[in-house]
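What follows is chain A paired twice: with chain B in the first complex and chain C in the second.
So, the complex of A and B:
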């Protein structure tokens, strides 16, 4: 089962409970900053009269995971994109690669690492909901099986089409994300990126990288062939000279 | 909405009335103020402050640990604090994660800590909100219900 979150912007009152619980769960230092940072992994922003959460979308096929040269970022079996600060070398490639601009860097530290929502792996492993979903007083953030949440999101839109934008954000963005969002105003007005490609972004590089082994074998065979031919010519020439 | 001075206003019109002494004016003013307060509370509750709190999935009332010399149990109500406390502005972040943990809350609060400006004392300092030493019954609710004051002679 792959878990995820469903955030319904129409239910959010902007109380910031999710932010506070996240700080507590992940032992992140105060204060609560107005934007996401390496120490504030989720915030609630007011845009266009509606509240929207900023957090890692937990892509089904995460770009950050595909680009991390040391495997510090991994997509866990349960659904979250988890991060091992012990492996991180601080290259910041994940920050550049993320289509949603999620990972943040500890710019204030001499040996910085990256900070981002990791979908509470310890709580999920213990069978609990994420901290943010646990404390949400309006049910705006729901935790559960990603497929069930996708069905719930669609059902909410179908039940009240006038209330919602007819789009479940995260169902297809970047090939699908574990965090899904519903809104009553267009998502671009909530500051959500709507030009994110629909296919998984690691595919872009995978199309090239997957051909590297073939290329190496073919190029190797070709070069060996060239070498064999020129070497054979030299041998023949040498043999002919010896005969004379 | 404006009232005619001779009916409700505690101002010039009422005080210049030769029949009503000054004291009657004060009583009238108090009655009017009380009435306005009651109406304001009712309107606020109907419009959303109370209704909003009622629809929120807030944690149930919290009973804090009771020390042997406690004048009565302290019951904390999220509903009251979210809806009425101006310092929280309806936001969880006014009290969470500091001074109160959300996920693993402590049920142990001492007056020493509160006097040092921690826990309840963060807001209940006598300025932002009523002080923790002001009135025992303000927090130790069960005192009057259990007849505690009769047993102890009303010592705070």
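So, the complex of A and C:
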């Protein structure tokens, strides 16, 4: 089973319980900052009269996982994109590449690591919901099977079309994400990125990278061949000299 | 008498630059200390919104690119067997090697935990362009070193290791060309993953190809600049008969590259925006106008092609255009969507300039002590060199022979 979260902006009252619970669950230092940072993995923001959560989308085919040179970021079988701080070299490619602007860096530390929501892997492994979903008093953040949540989201829109924007954010963005969102106001007004491509981004680089072995073999053979052809005259001269 | 005056003026000039160099070096050491004790945030203007700045955009992207002269010339001389370019091989090899050392040191500053750089060897992720980049840096630096070592052995008169290296010279050249091609293009591939972040004036799925071809153009431009500087400083330079055909080659490369860029911009629908230029559009026009169109226009004139000043001017412009391309992709084109405005801090500049100055100083020393440039044939500069060089010249006399 692959789990995920469904965040319904129309149900969120902006209490900030998720932010506080996340801090506690992941031993993150206070204070709670107004934007997500390496020390504050999720926040609730008020935009256009509605509340919206900022957290990792847990892409089905995550950009951050594909760009990390040392595989410090991984998509776990249960659905969360987890981070191994012990491997990270600090190239910050994940921060630069994530289409949702999620990973953050510890700029103030001499030995820094990346910080981002990891979908509470220990809790999920133990069969529990994430800390943020557990404390949510209104059910605005719902934990569950990702596909079941996608059906639930669709059902909510269909039941109350006047209340919701007709779009489940995360169903197709960047090839689909494990975190889904519903909203009563257009998503761009919530500050969500709406120009994210629909296909998984890692394909864009793989199209080129997958050709590297072919290139090495073919171009290598060609270059040796070139050398062999262009040096024929030298060889002939060498042979003549040897005869003498 | 006037000669003595000129000499004194020259000595003053040298001490002035030496003074700047020392100050820069001290600042560099200071910033290095702060960087490693207080973290990246203390010295850079980088932020979560703008995680890659000057050190990636200039030091890494440009440092690697300027080494492109090395593989272009190596391929011309050793694979195409056009031996008359032989005298250019050594200066470009030296530049290439220094360029890569420069890149590695810059990476040590930029990586959050540089002491873990070996992780890239152990924990593989072949889906990551950064992984390819890391391997290319390591392997090509090794290749460049092995290609450069014979020059050192020659100076030290170590015949045996030199002959051993000559035995593997062809595989080395082939490996060098392959690795360079991969590396130059992979730096462009780094930005393939950000279609929604990089401005349409620069984003294209063809980025790897454009990075490659622009690096070749700049590599040649760099050769002109180096030859000129070495001529002024040490009276050692390359023959015009060699540089003129290279200039023609550069015209062709830059023309193809420039047309390609414009065609892609048009296909992206970004060309019309140039009529109502904003920040990005001005930077684009500056890049293409000064860095591509102008050098091509200059070098189309036979008179300019045959004047050392004309060549160095055009070469400098090509290098400038190349540096702008890298900075436009890595900084200008990424700013609008990042929501923050990034300008490097003075400390970031100190590190970049400090590294550049150290690189130039090593180049200057290497040119003096190693047989890099061909001996001047009795020119005015030749008088300035003592017995030390006469000796090096002897060795070099032999070295030049195998081509003929």
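One rule holds in what follows: the second predicted complex is superposed on the first by the 221 of 244 C-alpha atoms of A that agree within 3 Å, B and C clash if a C-alpha of one lies under 4 Å from a C-alpha of the other, contacts with A are read in each partner's own complex, and residues count from 1 in each chain.
Throughout what follows, contacts are C-beta pairs under 8 Å (C-beta built on N, C-alpha and C of every residue); 3 or more make two chains touch, one makes a residue touch a chain.
Model, not experiment: these values are computed from the prediction.
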Tell me which partner A:17 touches in the superposition: chain B (first), chain C (second), both or neither. first
Kindly classify A:154 by the partners it touches after superposition: chain B alone (first), chain C alone (second), both, or neither? neither
Return first, second, both or neither, reflecting whether A:134 touches chain B, chain C, both chains, or no partner chain. first
Which of the two, chain B or chain C, is in touch with more residues of chain A? C
Quick check for you: in the superposed arrangement, does A:30 touch first (chain B), second (chain C), both or neither? first
Which of chain B and chain C A:47 touches, first, second, both or neither: neither
Going by the contact rule set out at the top, does A:92 touch chain B (first), chain C (second), both, or neither? second
Mind listing the chain C positions that touch chain A in their complex? 36-42, 46-49, 51-52, 75, 78-81, 110-114, 116-117, 119-120, 122-134, 170, 173-174, 177-178, 181-182, 185, 189-190, 192-197, 205, 208
Residues of chain B that touch chain A when the two form their complex: 52, 55-58, 90-93, 96-98, 101-104
In the complex of these two chains, what residues of chain A are touching chain B? 13-17, 19-21, 23-25, 30, 32, 131, 134-139
For a test of understanding, state which residues of chain A touch chain C in their complex under the given definition. 37-38, 63, 66-72, 87-93, 95-97, 99, 101, 104-113, 193, 195-197, 201-202, 204-209, 212, 215-216, 219-220, 223-224, 226-227, 230-231, 234
